[in-house]
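A short write-up of the structure that comes next.
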């Protein structure tokens, strides 16, 4: 860290004003994601622990789940990750317009994912009669996927705010790190879903 | 963010003007300056002040407990009051005293030790502090409501904390308060990690970091990685209490033991979060006052790392009596013994530091050596617990109470007191009286041992903790009376400390720069340090950088003069702007938390009325504040130093 | 330590442009790959094999997806190694904790009391 | 090293053990005795745990003495004695001393191994009854409630009288006083139906928690006949401190006598002999107690086993008429909706079984000695004795139960008669 190095550089992976060359925001985001690993690790553990010994009378997850819908929303989330990666790529090149389109698509996919989740929850509660209070499966399932959904929602809000912000003219390739750290968050939400898709959904079909 | 802003700054002029809400406060004195400050030293001071304030609270709770137990069958407190006292004593001392006191030193000292002008994210730092205050308020608000303070013990084992067994809002406040303290701690810790990794002065390689900074780094990692576990546990109990979920509802197959696991996955690293900063402080004081570099620096650092890492694998030794089965018990028993090795290594190296040195017995040094003795005792009784079958007799008894007070008072608190005495001249430019410092030490030392040593015997004689009364025939009366007398001696010692500290703050003898002939960079600063810390960012050439600089004064002076010119050529000293939004965001959180935890929901079925409204209001305030916080950006201004050292600010505030 | 490595502006641009072009295709291909793996996972669960084989396959496939996302989409591959280390500290601890928890709760001693196991006590009470 | 330095080192390092010894002697006055002392084991499990404790204790003491001696020596030897000394130029950065470091680490590991071996043995030993004695083990089930313990004897059968007057089998259970046979391992299944409790009889074994939804167990064995104090050791709410219990270990004959007495339905006194001269019920002669006042007398505590044996005999001066009144009140004041008295038709299951409550040495979860005054103290104001207890909250308060002195008198007589 030194103020001697004043020349700006456009290489997004090197910030000469920090000791390690990694931008502060990126380091912050990675440290936060490490913390979030523990967060989701504990939450997923809770679900799996309760799955080990289901008390009698617990509805079977297999009867409740709809793997087609979940596969679709998993696909959507993966695609939103792709669009996010492209958005970061675009802003690093300084291509604001391309970034906006990519961001918009990411938001769109994020909203589809959330829509699927809302549909899924409504379907479970009203038609399959699995609620957050009526069984331990409902409790852990809704809490886990709901917490993930909340992360997606926060991501969508962040993306939207960034999209709006990009029209103020204050967002240039020099601030690409802002978009990039947002991207890290979004991808993390995606990889958490990769784990949930396997550990919560697919596991029930074996 | 701030580091980047330096380069941004040059190109600021071509940016559009900001709307009124994004104008930055500039007050340097008065209430607004404190609410909007982003200066790590001011925030450190605020942390310290709050910690000392809650220390009085926690201490009074402890005295109430000791008074109740002074004689058998006492009626000073009712059972319900007693439960509130020990719950809040534990919670307060851990989360509102030792942790923020550590945070105070992290904030104040760590950036100075690595030669930085501030932490990586100054506004996030302010947010951490205000959220900590908010959490403390929510935890303590129960004393003033009809529900009373939280009363289920500091580790709040489910299902005692479920609605069935704790129907009032007291536990909601405890849950919400801890949740907010978790948010504050994680935010602060992330900031410290980035600061230490990324904001070091030129030449400050990792293996030249002062040990205190190393321990700050490890502590921050522990916070970041362990708090999520309790966050999940608290979310689960909160869901149970608010929405009737089944996490700990036994009749639906809930497993209360899960709470214990999640809690101690957090709780054991938490113990190291409390002790590692203390070890860091001790590793600063011992070399300074024995005029010798720290013995075996790399080993001290690596043992710190291994304590931190192993600390995640021993949590179940708090649960030896829960019937985990033989294999699990054996595994955790062995892991616990293993963690004693790096801890022992530290003690050996501290003694190695003293060996062959020139020991000056100033007050900080007395506390530091007191720490060595007491921490050794606490550590050894810890080894006794690792023998699981023997622990079956000790668990939940006063033996445990004795053990962890030896670690937390004899360890953490002695070190924190030592730290205050050590850095007070730097922080405030005044000296705490040496005479009264020594009086404090002996009162605290004697009082502490008289209080807690008999508790070992009480525990082995079968006295369980958290009991508000006992019969005379149990043979516990003498020990308890001793303990109570000791507690009052300890209290007098602490009072002496507070008074001498307050006196020193206003009227104490002026300290001079580098009061103790120190080794690390913070001692290169004038006392108290100026807002910008370093007139010129120092270049570090050795592990004990300031000792090196003093030995090579002329070369360093030349180097500094060159860097000063370069600095000025690049626009002077960059300072971050103040901001009100971290504070406002925390206020929003407070309102939301009160909505969740304190307000009764409307009796009308299906709709929670006021509760939801207040919660949404708080959430909205927080959301808007964070949004404006993001939009105002990490701007700053420049300071130029005149030849006489006076300050000239440049071009107004951006 | 920060050696003020100032890369000339234009060369970075050209370099960056190439890089960006390449990455567009890398990202797109990886996304396709991820979709395919997801499909494979979906097929896997219906295969008539023993549970532990299927679970192992699922874990491996998800790990592959996981790694692709963090190393490519999240740039770890191109970033300083420290980012990877930082994230993996959390990941390894979280994984270890999950493993330990599942082992602990899977153990015989942790089998919860079903209402049937509680019955001796309960039924005696009722009998009385 | 010069001789006199060595000598002074010796003197100085000798000071500390001497001080420690003195402290030990001073503390001796509140050390070994006491009814819950872990230093006075009466069974193999507790003895095993104490031996392990001593191993850890000695290893730690030796470490403390050795390291402490070096530390103390360092403190004195290297103290700066002059101003120049205090401002000595610091030496160059050194790299520690790998040989010292490694040997110290080695020594620590060795010390830990000394502890680890008996620890591992102890973990398996204390977990379950040794295999060769498994067949001989006596099984009971202990269930924790807020704030009392219930003991079920699943292998025994009790008798009760059904509505038609026929004697039928019933569950065999008692409360707060666990009676076990001497010299036989006793396997205790630990259950709880509300919060977490912990089952601890310091002289017989270390504690094991009663966890909701979890099948924990513990084994104990008493060497000889005796009377042991136990207590809940995990915070379980407002009255955790007064959630106690007693364990009575009896020889085979006495144990069998106790079993057969317990199996009987509640005792009924013979119809009162008309005795006009005998004064009617005595009122208001009960002692009053202060809040938190001890519930046992010194005489009882001196030899509680004798107290327990005495309690098995009918108390003198029983008034059959009064007892009969008490029995009726027991139903009309709704006591019977929570308590079982086999043979009297009372089948409540919320509170402790009272069929033979008069034959217990204590009441209110091991808290109060079982005599007229204390029983009266308990039923008169349960909340004073055990804050927040169910009998008070969901009994007295919820059902608005008011007891006149006459009622209390009759109830005391009834409860005392249940031998």
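Should a chain be cited, it is by its letter among A, B, C and D, assigned in written order, with residues numbered from 1 in that chain.
Everything below uses one rule, namely that a contact is a pair of C-beta atoms (placed from the backbone, for glycine too) under 8 Å apart; a residue touches a chain by one contact, two chains touch by 3 or more.
Everything numeric here is computed off the predicted structure, so don't read it as measured data.
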| item | value |
| --- | --- |
| Graph separation of chain A and chain D (steps between touching chains) | 2 |
| Chain pair with the higher count of C-beta pairs in contact (B-D, A-C) | B-D |
| Chain separated most widely from chain A, comparing mean CA positions | D |
| Chain at the geometric heart of the assembly (C-alpha centres) | B |
| Distance between chain centroids, defined by C-alpha means - chain A, chain C (Å) | 13 |
| Mean-CA-position distance for chain D and chain B (Å) | 38 |
| Chain centre separation in whole Å, for chain D relative to chain C (CA means) | 49 |
| Geometric centre distance via CA averages, chain B-chain A, whole Å | 31 |
| Set of chain B residues in contact with two or more other chains | 197, 202, 224-225, 229, 253-255, 257-258, 265, 323, 325 |
| For chain D, residues contacting two or more additional chains | 213-214 |
| Contacts with 2+ other chains: residues of chain A | 1-2, 4, 7, 17-20, 22, 27, 31, 34-36, 38, 41-42, 49, 53, 55 |
| Topology of the chain contact graph, where touching chains are joined (line, ring, star, complete, other) | other |
| Pairs of chains found to touch, sorted by chain label | A-B, A-C, B-C, B-D, C-D |
| Sites on chain D touched by chain B in the complex | 23, 27, 29-31, 33-39, 46, 48-50, 52-53, 55-57, 59-60, 63-64, 67-68, 70-71, 74-75, 78-80, 85-97, 100-101, 104-105, 108-109, 112, 115-116, 118-120, 122-127, 146, 190, 194-196, 198, 200, 202, 205-209, 211-214, 216-217, 229, 231-242, 290-296, 298, 301, 387-388 |
| List of chain B residues in touch with chain C within their complex | 197, 202-203, 205, 221, 224-225, 229, 253, 255, 257-258, 261, 265, 312-313, 316, 323-325, 327-328 |
| Chain B-facing residues of chain C, complex | 1-2, 82, 89-90, 93, 96-97, 100-101, 103-105, 107-110, 112 |
| Complex interface listing, chain C residues touching chain A | 1-7, 9, 12-13, 15-17, 20, 23-24, 27-28, 30-31, 34-35, 38, 41-42, 44-46, 51, 54-55, 58-59, 61-62, 65-66, 69-70, 72-75, 78-80, 82-83, 86-91, 93-95, 97-98, 101-102, 105-106, 111-112, 114-115 |
| Chain D to chain C touching residues, read off their complex | 141, 143, 152, 154, 160, 169-171, 173, 191, 213-215, 340, 342, 347, 349, 353 |
